[in-house]
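Consider the two complexes below, in which subunit A is the common component and subunit B and subunit C are the respective partners.
The block that comes next holds the complex of A and B.
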């Protein structure tokens, strides 16, 4: 199995406060990796370092290296990095001033070289891949904000997928959704890994067990344990991991 | 405390605050009624005379069209100048300016908004007028002066100068509102756009500006209202000539506005028809500003309702 994304001694700060300490992980291509850990352990900061969004916060600093296919993303144009490494956020955030179809191609429009007929085709194909097409095909011109929460989140996944990224980062994508919407998105994530590398933060250890191939446990900004999901849950090596997954803290 | 006294206190408070709002409504009604009564002699004398182009006190002809057009033109030009300046400054402020520059800029904007208009008038008269004459009017007249809109001669005092001074007066209004709108753009929408590989400018263009556009429109209308009604500074710099736009359509000609006309003539007017005609111009100004505000409100509710049902 090839590695797609590798971090080496990745550290991050908000002002003087260090929130991430020397995290080194190798993410495997076309696998789902779950990041778990209690609130405030640095999970979000960690994945925001992977698409160079952490550095946008005032006073934020990053140290260490992140390699995408062997190339250091901190030596690349950040816009280019974000086109290759897509992101889905905790709260569904479709653009309210854009229609459903405009939301899907919002990122492609930025590069500005897609033709109208191509865009229509991309909208249809991408919405189908997230299982939203049949629900919205009658009113693609409606505002993206008019959809239900679960539909909005699938629209946001479609928006990220339309860029044909190599990696997709998801920051607790189901935490604001009802159980039915959650299971649809979990199903979608399992399907996505045939084409794409998925890194997903989850608060829900059950979800990590259901959808991921590998699981990483972060605690107080440090990587405590990283293993195949099955082994991670069945025989955790660290006592902290064991306490976390059995629900004794977090 | 028994129930009755609570009720009494509550209803007394209700009448107090209700009374306060009635005072506002009452004042507005009084202004309107006063203008209507005092302009009545001019209206019955000749309802259309105020829309004529000649204002001749000795012959008793009071056509106010140059002032009405001057008001509309100076405000429209000022708003046209102010929109790009204000939007540019607001975008720079919210998206690009380092924290210190931002702090300084925000003080300047606040102070500009509080400068009395007579100060703007003096500044326009002494500082801006010669600059405009030497570095704007003369070169433009010298090069494209054959176009009637830019023809000479280059007086300092002109419709153009008045529009420019108005621009400086309304930029802080539009900017301070636009800045607060742009900076209240939800972070999750900005981040969504950034995560798609957008540059800062693309985030502004596709997220922050669309999110703020209704509010920016309202700010522009507010500024337009201010420009339409501004008296002191305009009277000081517009040249108070009734030639424009009938003898010369040039932006560099001295002109007049409704407010400058009233301010410069009301205290010298003795003839009843003269006074009444000036008041009628005031009534027309009030109608113009009310129309602008009501149509803006209508547009805003239309657009926001359409947004909600989409």
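The block that comes next holds the complex of A and C.
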């Protein structure tokens, strides 16, 4: 199995405060990797370093290297990086000023590389791939904000997928959703990995076990353990990991 | 015993509030009523469309002043609204918490506090003295400058309330910042921006001081912007103090027109606001 995304001694700061310490990890291509760890351990900061969003915070700094297919993303155009490495946020955030279909192609339209001809086809194909098409095909012109929370989140996933990213980063994408919406999205994630590399943060250890191939455990900004999900949960190497997965803290 | 006294205390407070609100509203209604009462009698097609009659003779109208106010307001809007929007965008999206941003914000806020006659004086010195004649250009400059802080503030405030999550969503899609700013944030804020622009338009429609020594007045139709131009505001001022009964009546008529325009704009802004916040 090939590696897709590799970090080498990745460190990150907010001002003087270091929140990531020398994280080195290799993500496998077309696999789902779950990122777990107690609140505040640096999970969000970590994945925001992977698409160069962390550096947008005032006073933020990144050190170390991130390679996508062997190329250092910190030597690339950040816009280009973000088109190749998509992101889905904890809170669904469709553009309320745009219709459902405009939301799907917002990235294509507004990032300037519009292959305008086949936008309708992209809308349909992408909404189908996230299982939303049948629910909304009658009113594609309705505002994206008029959907339910779970539908909005699938719309946001569609919006990210429409850019045809090679990697997709998800920051607790189901934590604000009901169980039914959550399981739909979990199902979607399992399906996605036939085409893309998925890195997902979750607070739900059960979810990590259900959907991921590999699991990484971050603690106080450091990578404590990274293993096949089955082994990670059945025989954790570190006592801190064991404490975490048995729910004895955070 | 205590309960009753507390209740009557509350009644007293409510009565006082009603009385004070009345005291604030009555003069307003009085003004509007007297403008309508005095102004409505001169309203006619001729009044709205013809040139003023010479001093001493009756008849004629305020057509040139209506056109003049419109021309100057439109040119001023052409200057003040774009500059105001650009300033607001800069303050909200590009310099929100930078030193440069707070410097610009201070300048803009001070500008909105400068008395309009001082801005008029500036336009007078810069343009009227240079051209050596009164001109609508100077009036446009003065009123346009007055619009900038109003529009900038409305733009900045309505862009700031757009959730940062949407900017992040845009960045994460690799959308360039100028497109996030215009196609997402500004697009969501446009109700507030339009309201701000309309209110700024209403505001300059009432400004008189900066016009007195810039556009001055004219008894003829305007044929361009670089000439003395009649405006409703200066016409009201001139006619009201003329002591000539027919002109005084026309001043009331012009006031009625101006007040109607300002009220119409305010109603439009409120409806716009309701549409924005009332759901759907």
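The rule is simple: the second predicted complex is superposed on the first by the 243 of 250 C-alpha atoms of A that agree within 3 Å, B and C clash if a C-alpha of one lies under 4 Å from a C-alpha of the other, contacts with A are read in each partner's own complex, and residues count from 1 in each chain.
Heads up, the rule we're going with is that a residue touches a chain if its C-beta (ideal position, glycine included) is under 8 Å from a C-beta of that chain, and two chains touch if they have at least 3 such contacts.
Computed from a predicted structure; not experimentally measured.
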Mind checking subunit B and subunit C on superposed subunit A, clash or fit?
clash
Given the touch rule stated above, what does A:142 touch, subunit B (first), subunit C (second), both, or neither?
first
Would you sort A:110 into first (subunit B), second (subunit C), both or neither based on which partner it touches?
both
In the superposed arrangement, does A:51 touch subunit B (first), subunit C (second), both or neither?
both
May I ask you to decide whether A:82 touches subunit B, subunit C, both, or neither, giving the answer as first, second, both or neither?
both
Contacts for A:160 in the overlay, against subunit B (first) and subunit C (second): which applies, first, second, both or neither?
both
After lining up the shared chain so the two structures overlap, which partner does A:231 touch, if you call subunit B first and subunit C second: first, second, both or neither?
neither
Where subunit B and subunit C land on the same part of subunit A: residues 51, 53, 56, 58, 79-80, 82-83, 86-87, 89, 91, 93-97, 106-107, 110-111, 156, 159-160, 163
Under the stated contact criterion, what part of subunit C meets subunit A in this complex?
97, 163, 165-166, 168-176, 179-180, 183-184, 187-188
Interface with subunit A, subunit B side, in the complex: residues 99, 186, 188-189, 191-199, 202, 206-207, 210-211, 307, 310
Can you list the residues on subunit A that touch subunit C in the complex?
51, 53, 56, 58, 79-83, 86-87, 89, 91, 93-97, 106-107, 110-112, 156, 159-160, 163
Residues of subunit A touching subunit B in their complex?
51, 53, 56, 58, 79-80, 82-83, 86-87, 89, 91, 93-97, 106-107, 110-111, 142-143, 146, 156, 159-160, 163
